[in-house]
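The following pair of complexes shares a single chain, subunit A, combined with subunit B in the former and subunit C in the latter.
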Partner chain A sequence: MQSLYVEGNSAMHRLSPRVKLLSLAIFSVVLFISTDIALLSIAMLLAAVVYGIVGLPLRDALRRLRPVFLTIAVVAFFNLIFNPWHDAVVTLLRLTTLMLLAAAVTATTTITQFIDEVTALARPLERTGWVQPDDIGLSLGLVLRFVPEVIDRYQAIREAHRARGLKVRPTTVLAPLIILTLRDADNIAAAIDARRIRRHVS
Partner chain B sequence: MDIRFEGAGVSFGARVALEPLTLGISGKRIGVIGLNGSGKTTFARLINGLTKPSVGRVTVNGRDMADEKAAAPDVGFIFQSPQNQIILPIVRDDIAFGLKRRGFTKTEIEAKVDGVLARFGAQALADRRAHELSGGELQVAALCSVLATGPSILILDEPTNQLDLKNRALVEKIITGLPESAIVITHDLDLVADFERVLLFHEGRLAADAPAAEAIARYREIAA
Partner chain C sequence: MSTRDLVLTALFAAIIVALGLLPPITLGFIPVPITAQSLGVMMAGVVLGARRGAIAVLIVLALVAAGQPVLSGGRGGLAIFASPSAGFLIGWIFAAFVTGYLSERLVNHQQSGLVQGVSFFLAAVIGCIAVLYAFGITYLATAGGMGFQKAFVGSMAFIPGDVIKAFVAALLGRAVMVGYPLLPARA
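Right, the complex of A and B next:
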């Protein structure tokens, strides 16, 4: 999400992030109610129109979808092998529709808006005493911030293996990756405390 | 700045990280030097309230830093690894995050974020991703995030660590120009050479509390 936001002033940009996220959640459920190919095709076309509103050049718009669409195609392909063709088409249409809608929401919602909305939506759960909504927002931000760092660290460990002439094995890569990530997690937690980000709300 | 250590010390089980220390700190620039594991960072974490003293107490501007509710954000802390200090992906969002949690309005937040970026001439960093910043840029972004909340005292732990000469000069220039009081922990002796007061720690004890030249000379003796 961090690199997928597109500056703009489209109808999707102007729409409240809450409406966008709730609509996406509702569509995710509704799409799985129907198995009618005609209906799902219309839904997919509408989703494509919504994605088109974002204002991305066609080439960029397609490039963004490629990795997810390839995954959907693989899922649909296996469905085609093991299930009737109708099921495969339904799966393809449902997931493609969801991908288009999610891409539209992602391209028109900043990370801050996303965190704020998720925090606000979790606010009613605060009364149960089980959930701290501000922490949920913070956790989301941390995931988005540090996933690229963990990937970089993974690459560095792989390169260290190669530099020493060692074969890269999951077991020898994962252990140092987990240890280094946990060590950094301690430092990040200290930084959060030092900035009084959690202490202030508790 | 009015920092007081009143017999404050830290132990982790049998291991003494910092012997009980009684000390008053005021002034604009304080350097902290010493070998690795000498107690420098423990000393600094006590001032920020990140580490609680096992004995004694530490007060900052009259507030006991062991009391989380009383500990106001008087002390900003820049860690050795600024990449771990920036907790949201986009620099502007990260600076705004600390302010938002302190209850500032949207307009106030925007003004403060723009103000702190302008202060360091770092407007170009505003919409950059933290993951893509260089070491010097990360250090500046971390400074902006901390200073946006208006601490009167800033602790910098190894601020020039892993920086090239250009970025080191940039950070040194920023530290020199800070209106806030600064406590700088460093192995970079040139950085504190002009400081009015330098504290030297050795094996968990304060080994020297002197003007920079004297403390550095003593440090060289210890390290020899």
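Right, the complex of A and C next:
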């Protein structure tokens, strides 16, 4: 599993992650207010330039966008058939612009920077007791740590099926996968508490 | 949230991510392979309950936003949320919550296996089909500009597959409840 971050030193890389994420949020609102095709076209071209300076080779840059652009294109196609063409074009331009800007932010923001920003954003909620901001990074880190383990376990269960001549069925594979994985929770939790990683938990 | 609950949600998020990376599994009775990731969302509710299930899904979406290719087919990054079908992703959180809420209320250990299975199935259908499609269709109709009627008709094609997944999720929910009970949630 490789992060979508791209090493580089472009203007987008140097911009602070907070500025990037905030402007992306603002742009997404502005884009949905505007219905002017000329304006949206200019915005899309600018977004393409922003994505272009990130420094990805053209082929990689396009391959990343393909799954999202496909859904946008399919919806635009149906809109063109069933709805007024003006609306269809507006939606196409709007979502494509947003996709390009979002992809540019993702390609130039590391996961650490992102987690720091989300943690800072959650800081005011700390007093409400709904969320402990420091737990966000811990949870995301735990997931990345355990995904390979879950995949190994899945392969092992599949091998066990094969060895016994059983067909690999979702019910017979996933039940042991879930039970075996979740059974580790107590030990992992004990390990975390023993190291006092969650300082707010006494 | 206790450390154990935090670890449980993170582990389940890891299972959901892994289900997206693994090749699709073929069901015995129909030839079409299913992508197991949305099955993972149903199971989050059925296995972990409302709060922990919703948080597990939220963690997966946070990883998507953080630029990790954790969705099926190696998709990820903020651009995913610009897709007209992004409503189905956001809806996952509420789908897992409602499925979990209903599972907590409808299922208990005194019931027979059949009652438990049917209850889990109902919880998954209401949460991960009715609630999920309400979010997905609304977003598709407004942000995707399709209009409600067309968005509704277009989404119907995916319902049969999701009903089958709800059935599988119900079987798994019962299997996990027997093997490693987590519901009703411990305080």
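The rule is short, and it goes like this: the second predicted complex is superposed on the first by the 133 of 202 C-alpha atoms of A that agree within 3 Å, B and C clash if a C-alpha of one lies under 4 Å from a C-alpha of the other, contacts with A are read in each partner's own complex, and residues count from 1 in each chain.
Heads up, the rule we're going with is that a contact is a pair of C-beta atoms (placed from the backbone, for glycine too) under 8 Å apart; a residue touches a chain by one contact, two chains touch by 3 or more.
Just so you know, these numbers come straight off a predicted model, no measurement behind them.
Within the superposed three-chain model, A:184 lies in touch with subunit B and with subunit C [touch as defined at top].
The partner that reaches more residues of subunit A, of the two candidates subunit B and subunit C, is C. By the touch criterion stated above, A:134 is placed in contact with subunit B alone, subunit C being left untouched. In the superposition on chain A, contact of A:111 is made with both subunit B and subunit C.
When both complexes are overlaid on chain A, the residue A:144 reaches subunit B and subunit C alike. Touch criterion met: A:67 reaches subunit C, while subunit B stays clear of it.
Shared-chain residue A:195: touches subunit B; no touch with subunit C.
Looking at subunit A, you'll find residues 2-3, 110-111, 115, 138, 142, 144-145, 149, 184, 188, 192-193, 201 touch subunit B in one structure and subunit C in the other. Those residues of subunit B whose C-beta lies close enough to touch subunit A in the complex are 48, 50, 68, 71, 73, 76-77, 79, 81, 83-90, 93, 96-98, 101-102, 129-131, 145-146, 149. Contacts from subunit A toward subunit C in the complex involve residues 1-5, 24, 28, 32, 64-65, 67-68, 71-72, 75, 78-79, 82-83, 87-88, 90-91, 95, 98-100, 102-103, 105-107, 109-111, 114-115, 118, 132, 135-136, 138-140, 142-147, 149-151, 154, 167-171, 173-175, 177-179, 181-186, 188-189, 192-193, 198, 201. By the touch rule above, subunit A contacts subunit B in their complex via residues 2-3, 110-112, 115, 134, 138, 141-142, 144-145, 148-149, 152, 184, 187-188, 190-197, 199-201. Of all residues in subunit C, only 1-4, 6-15, 17-18, 21-22, 25-28, 34, 36, 39, 43, 47, 59-60, 62-63, 65-70, 73, 75-85, 140, 143-147, 150, 154, 168, 171-172, 175-176, 179-180, 182 touch subunit A in the complex they form.
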